[in-house]
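Order as written gives the chain letters A, B, C and D; numbering starts at 1 within each chain.
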Amino acid sequence: MKKIEVGVLGATGMVGQNFIRFLDGHPWFEVTWLGASDRSVGKPYHEAAAWRLEGDMPEAVARLTVQECKPETKAPKLVFSAMDASVATEIERAFAEAGHYVVSNSRNHRMEPDVPLLVPEINAAHLKLLEHQHKRGWKGAIVTNPNCSTVALTMGLAPLKPFGITQVIATTMQAVSGAGYPGVASFDIVGNVIPFIGGEEAKMESETLKILGEFAGDHIEFLPARVSSHCNRVPVLDGHTVTASVSLSRKATLQELIEAYDAFTAEPQKLKLPSAPPKPVLYLHAENRPQPRRDAWRDKGMTVTVGRLRTCAVLDYKFVCMAHNTIRGAAGAAVLNAELMVAQGYLK
Amino acid sequence: MKKIEVGVLGATGMVGQNFIRFLDGHPWFEVTWLGASDRSVGKPYHEAAAWRLEGDMPEAVARLTVQECKPETKAPKLVFSAMDASVATEIERAFAEAGHYVVSNSRNHRMEPDVPLLVPEINAAHLKLLEHQHKRGWKGAIVTNPNCSTVALTMGLAPLKPFGITQVIATTMQAVSGAGYPGVASFDIVGNVIPFIGGEEAKMESETLKILGEFAGDHIEFLPARVSSHCNRVPVLDGHTVTASVSLSRKATLQELIEAYDAFTAEPQKLKLPSAPPKPVLYLHAENRPQPRRDAWRDKGMTVTVGRLRTCAVLDYKFVCMAHNTIRGAAGAAVLNAELMVAQGYLK
Amino acid sequence: MKKIEVGVLGATGMVGQNFIRFLDGHPWFEVTWLGASDRSVGKPYHEAAAWRLEGDMPEAVARLTVQECKPETKAPKLVFSAMDASVATEIERAFAEAGHYVVSNSRNHRMEPDVPLLVPEINAAHLKLLEHQHKRGWKGAIVTNPNCSTVALTMGLAPLKPFGITQVIATTMQAVSGAGYPGVASFDIVGNVIPFIGGEEAKMESETLKILGEFAGDHIEFLPARVSSHCNRVPVLDGHTVTASVSLSRKATLQELIEAYDAFTAEPQKLKLPSAPPKPVLYLHAENRPQPRRDAWRDKGMTVTVGRLRTCAVLDYKFVCMAHNTIRGAAGAAVLNAELMVAQGYLK
Amino acid sequence: MKKIEVGVLGATGMVGQNFIRFLDGHPWFEVTWLGASDRSVGKPYHEAAAWRLEGDMPEAVARLTVQECKPETKAPKLVFSAMDASVATEIERAFAEAGHYVVSNSRNHRMEPDVPLLVPEINAAHLKLLEHQHKRGWKGAIVTNPNCSTVALTMGLAPLKPFGITQVIATTMQAVSGAGYPGVASFDIVGNVIPFIGGEEAKMESETLKILGEFAGDHIEFLPARVSSHCNRVPVLDGHTVTASVSLSRKATLQELIEAYDAFTAEPQKLKLPSAPPKPVLYLHAENRPQPRRDAWRDKGMTVTVGRLRTCAVLDYKFVCMAHNTIRGAAGAAVLNAELMVAQGYLK
C-alpha cells in the first residue's frame, strides 16, 4: 500500500518535532512536506530545526526543504498543524479553504461550533461536523484535538460518562514539555511547583464539556456539567497527572466503575487504527499509580492510565489519571484523529 | 532571663534535627536533653546523629549525650516529641504521666478527645483541654500539632472560617522532606510524581475538622464540614503546596475574602510569641504564587502563603496555599505551641 | 531454534529487575529460573518483587516461583548474577563449582586473576581465562562485567587504545539508578550533587586497567597506565556521564582520533550478537552531547556515546562519554557477555 | 556613619537582582541609583523588574526610578555593573572615564592588562593596577571579579599556592542560576546533564592564571601553570561544584595541605570587611562534602567549601570545591571587591 503523504505546519517547534518523531515509521502516513516561519524557509530541516528530543532526527525528514506555510507550496492534502496559536488562525483557514484537511493541535479553532474537538475514543461521531465546514466555502476542513491536560482528564472521565457526570474538580501536575521550547525556565522549576499556567484552566473547563458532549446535527450539545480546574507545573519531563473528584447522577458502586474502566474500548480499537492503543484507558490497581515517569510511555505514549478510584467525601468519587502530554495530548492525538478520518473515508 | 530547658524525644531523626535547628538561638528555650533509641544512648549527639540539614549541627547540642527515652533520665519539664509513630504512644504517655509537658509532632495522640490538636493562630482556646488530661492521672500533659499537609490547608482556610466553611476538596503537592529520612527513594521521584502517600489523606480529612472546631468544655466540637483530599509527592525539597476548592455558607465577594486574608491575625501575634510570624497567613497577589522554593522560608518558615483566590465552577471559591512542611508543619509548629503554653502560664 | 534457559540470581532487586526487563523477548535466552533471598523463596515473582521499572513486569516471569540461591534447585546451566556484593562470593562460587556458567554483575570476582572482566567490544580474548578456572576444581565458571561507571569510561577509551593510553583523569556524574533501591534518599539529591560514591573511584581506577589489558596465558597483563577518578552522584535517572582527559603515547591529530571513533567496531558486531549495537561507541558531533536523558537509551541502552573531543591543556586530549548504567553498565553488559560465550561455544 | 551611595548597572536582570538582594541591609552601602535598558528607563524598579529570587524585592529599592545607563544621570561614584556582556564594554568605560568606580561582574574587561581581576582573599595587591587606568584618561576605574566557576576553583586552589601549583584539571557541575534568566530551558535540564557551557572553559583556563598571578608594576605576571577544564550544567539551583586534580612543585603531605586550608585567611578577614566570611575557604572533613544544596549558603553564600583532599594517581592531589555562584561568584564577589577598595582608600 502506498503511504499517504502528509505535511507538518510549524515543523521546527517542539510540537512539530513531536509530530515528526511520532510519524517516523508510521504504516499509513509519510511526512513529505514541512512548513515553518520565514526564518526557516528554504533550508533543509536539519539546518532549520535544532532537534530537542531523544535520539536523532529521522533521516528522511532531515533532508526535506522547509516551505512557506502557504497552500500553494504543493503541500499534501493532509497536513498536521503544530502552529503557534499566535499565527494558526489565518494559516489553518487558508489551508482548509484551499482543500486541505488540517488536523490541528492548535487551540485556535477548537471551540468553533462547526469544528470537531476530536478524541476518537470519546466522540468519533463529532467528525460529522465536517460537512458543515463546507458552508464556510472551504474545500477542505479543520479538525482539532484538545489541550494536553484536557486529554488526560476527558479520557479519565470517558468510561464514567454512562453514569452521568455532573461535577468535576480537577488539579493538574503538568510536565515541562507541555510548555514548548524554551518554555519554563529551569531557574523557575528546579525543586519547585508553579501553581499557574496561563489560560490552561479556562481551556480545561470549556473543552471538556464539548468533548464529552453529543453531536446534534450542526453543532455539539455540551455535556451539562460543571468543571473546575487547578493547573500546576511540576518538574516532570513528560506526562500530565490529574487528580479528579466527580459527581455522578447515576449512583454506582466502586466495583461497577472499575468494571467500566476495564471494559472501556472504542471506535479506534474496533477499527484497529495504527496508533490506537489496545487499552485506551488502563486502570492500574497498584495503590501508587499512575506515575508520569513510569506510565507515560505505555503503548508509545497513547494509553491513558487511571488509578486510585475511591469515594470522595465531598463529591461522589475521586481518582488519578495521567497522559503523555506531547503524545496522547498532542502529536499522537492528532495522528489518531487523522487515522480515524482516513478510516471513515474523509480523505478520499 | 534564664532560658527554659527543653528536651527532644527522637532527637536523631529528621524531625528531631529540625527541632534542634529551629531551637538554635531560641530566645526562651535551650535544648539541654536529647532522647533517642538504644542505638544512640550514651553517645554524644554528633556521633549518634548524621546531620542532614544545611550547614552544621549546632555546637552546644552536638556535645550533649543522648539519653534513653524515659522520664527518669532527668529530662526537663518541657519536651518536644519527634518520636516515630511506631513508638510514640507509650513513651509520650510515660512522660506526661511523670509530669512532663510533651509537645508532640507525632500523630499518635492527635485525635484523642482530651488532647489539643493545636495551631495557635486558629484554636488557641483548645489548650483548655489540658486540664482534662489530669483525669488520666497524669501530672503533665500532651499537646499535638497537625500533620504537615493539614497545617498548610487549615491555615489557608482559617481566614475563611467566619464565612462558614462547609465543603473542601484539596490536592497536595508535597515535598520530599515530609517523608523523613531516607524517606522517598530518589529512583522513585526524580522527574516524577507519586500520587499516593500512605495514611495522609485520612489525616488531612479528619484533623482539619478538629482543628477548625470549637472548644466545648471537655472536648472539641468538630467543624461540621466535609473535607476530601488527594495527596501527592513531588520532587520539591521543602514546602507543601495545596490547591483547594471550598464552599462557604455565607456568600461573600472575592474582595471580602481577600480582605479577610489581609486582616487575619491571631493570639500568637498579639502575644508577640518569638516564633510567631508577623503575618501568619500572607496573601500574595502575583498570579503564579505561592511557590514552595520561593516562599517556604518566609519568616524562618513560619508564614503560610496563599494566592490565586478565584471563583470555582463547582464549589464557591478556589485558591492555592503553601507551608514549609518541616517548620510550620512540624518543628516550628510544636515550638509555637510551647511558646503559647508558656505565655498562658501552663509551664509554671 | 529452542531458546536457552537462563536463571537470575538476586532476581528481586533493581539489577535483577533490569535483567528481567532486558531479557524480555530476547531471541536466544528465556528466563525460566529465579533465585532470591529466603524472604522471597517459594513465592511467585510478582509477589516477591515490587516492580520498580517503567511499565509492567513481564508476564511469563511474573508467574515463576522464586527459588533458593543454591545450585541444587534445578537452575539452568547459564545464570546471571545480580547478587548483592555482601553475599555474592560464596553463592557464585557454589554455582560455578556445580557446573554453572555464572555471568555476574557483582564486583566480588572481577579482579581475580583467572576471572574475565569482560567487555566484548574491548577484550573478547579475555574469555580464554575461563579454562584456568577449571584448576579451581570448578565444572562451570564465572565471568564478570565491570562497574557501571567503568563501562562508560573504558568504552570511551577503547577506540583510543591503539594510540597508547598512558594517563587518564576522569570525573563522573552518575545517575541515581546506579545506587540500587532504595539507594540515594531523595532528600539528599533533589537539586544537589553528592561528590562521593563509596568504593567507586577505586573500582574505576583498577578495573579500567584490567579491561584494557592483554590476555597473557593464565592472567591479564594490565594496561600500563595511570587512572584517577572523581565520582559524583547527580539528580539524573539513567546514564552515567564521564568527562575524561587522557595522555597518549603516540601523538595523533583530533581528526585521526575522531576517525578512530567512527571506525570502531568489534567482535560482537562481527558476530551480530543480538544485543550488540550497530555502533558500540557513537561519536556525536553536536557541541553539547552526549546527554544522559537524550542519549542513554540509544539502541536499547547498549550504545555508548562520546563527544566534545578536543585538546587538553594539561594532558593531550579531553572528551565526554556516557553510557546507560543499568543497561550497558549492568544487565545488558552481562547479557552481551553471555551472548559472546554462546557464540564462542562455551555453553555447549 | 552615613552610608555610601551605590548604583547598579543592569539592575533588572538576574545578576542585578542578586546585587540588590545582597546589598539589602549592607552596613556601608546603600543602593540609591539603578540603571537598565531603555525598556525599563523611567519606571519604578518594581514595575521594571520581575523579581525572581526568594521572598520579596527590598522595598526601598522597589521605589527607585530606573535610569539610563549613562554617567550624566547623577549616578553615585561607586557603581556595580551587572551589565550583559553584549553591552558592558562601552557603558563601563563611559562611567570610568567620567570618574566612577565601576565594580563589574561582566567578563568584558577582565583580561585587560591594567584591570584587576580581583578576589580579595587571593590577590588584594592587584588593586594597585588601578593607578595605571588613569593613563587611559579615566578619572575613575574598572575593577572586575571572575567568572562564577573560576571563583570556586581559584578559592579552592588559593591555600595550595604556596606549594607551587603547576597543573590543574578541573570538571565543573554548575547550577542553573549561573545561566541568567530565562537561561537553561527546563526541558533541557530536568533529569539531565549538559556537558557544555559556551565560553566557560576558556574563561576558567585563562582567568585562573591571572587571579593567581603576581602584581608586577603595570601588569600581572600570570601564574606559570596549565589549567584544563570541563564545564557541565546540572539540575542544581545554586552552587557550582568543581572536582580538581593538581600538580604541585613543592611536594607536601596531605596533612600539610589540610593544615594550609585550615590556616588560610587573608586581607578581607584582617580588615574585617562586612562581607568577608570568617573562613573564606572552609575545609569540610565529612567524606561526602561539600554539596551545593547544603553548603552553598554558608555565611550568606560567601564561604567557599572544600573537601575530599586525597592523592591523585596522575597528578599529585585531588579535591572537591564548591562556591555559591551568584553570591561568592558574582554579586557578593563584587561587593567584597568594593569593600576592599573602600578600606584601602580608593573611593575617597
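Convention: a residue touches a chain if its C-beta (ideal position, glycine included) is under 8 Å from a C-beta of that chain, and two chains touch if they have at least 3 such contacts.
Note that the coordinates shown come from a computational prediction; the quantities given were computed from them, not determined experimentally.
Colleague: Between copies chain A and chain B, are the contact residues mostly the same numbers or mostly different, with half as the line?
Modeller: same
Colleague: Have a look at A-C, B-D or A-B and name the one that copies the C-D interface, over half of its contact pairs being the same.
Modeller: The pair repeating the interface of C-D is A-B.
Colleague: What whole-number Å value describes the gap between the mean CA coordinates of chain A and chain B?
Modeller: Their C-alpha centroids are separated by 42 Å.
Colleague: Could you give the separation in Å between the centres of chain B and chain C, each centre being the mean of its C-alpha atoms?
Modeller: 47
Colleague: Which chain B residues touch at least two other chains?
Modeller: Correct list: 190-191, 235-237, 293-294.
Colleague: Okay, in this complex, where on chain D does chain A touch?
Modeller: That would be residues 14, 52, 176-177, 179, 181-191, 235-237 of chain D.
Colleague: Please name which positions on chain C make contact with chain D in the complex.
Modeller: 167-169, 171, 173, 190-196, 205, 226-228, 230, 232, 234-237, 241, 243, 245, 287-294, 307-308, 312-315, 318, 320
Colleague: Considering only the defined contacts, which chain A positions touch chain C in the complex?
Modeller: My answer: residues 53-55, 190-191, 237, 293-295, 297-298.
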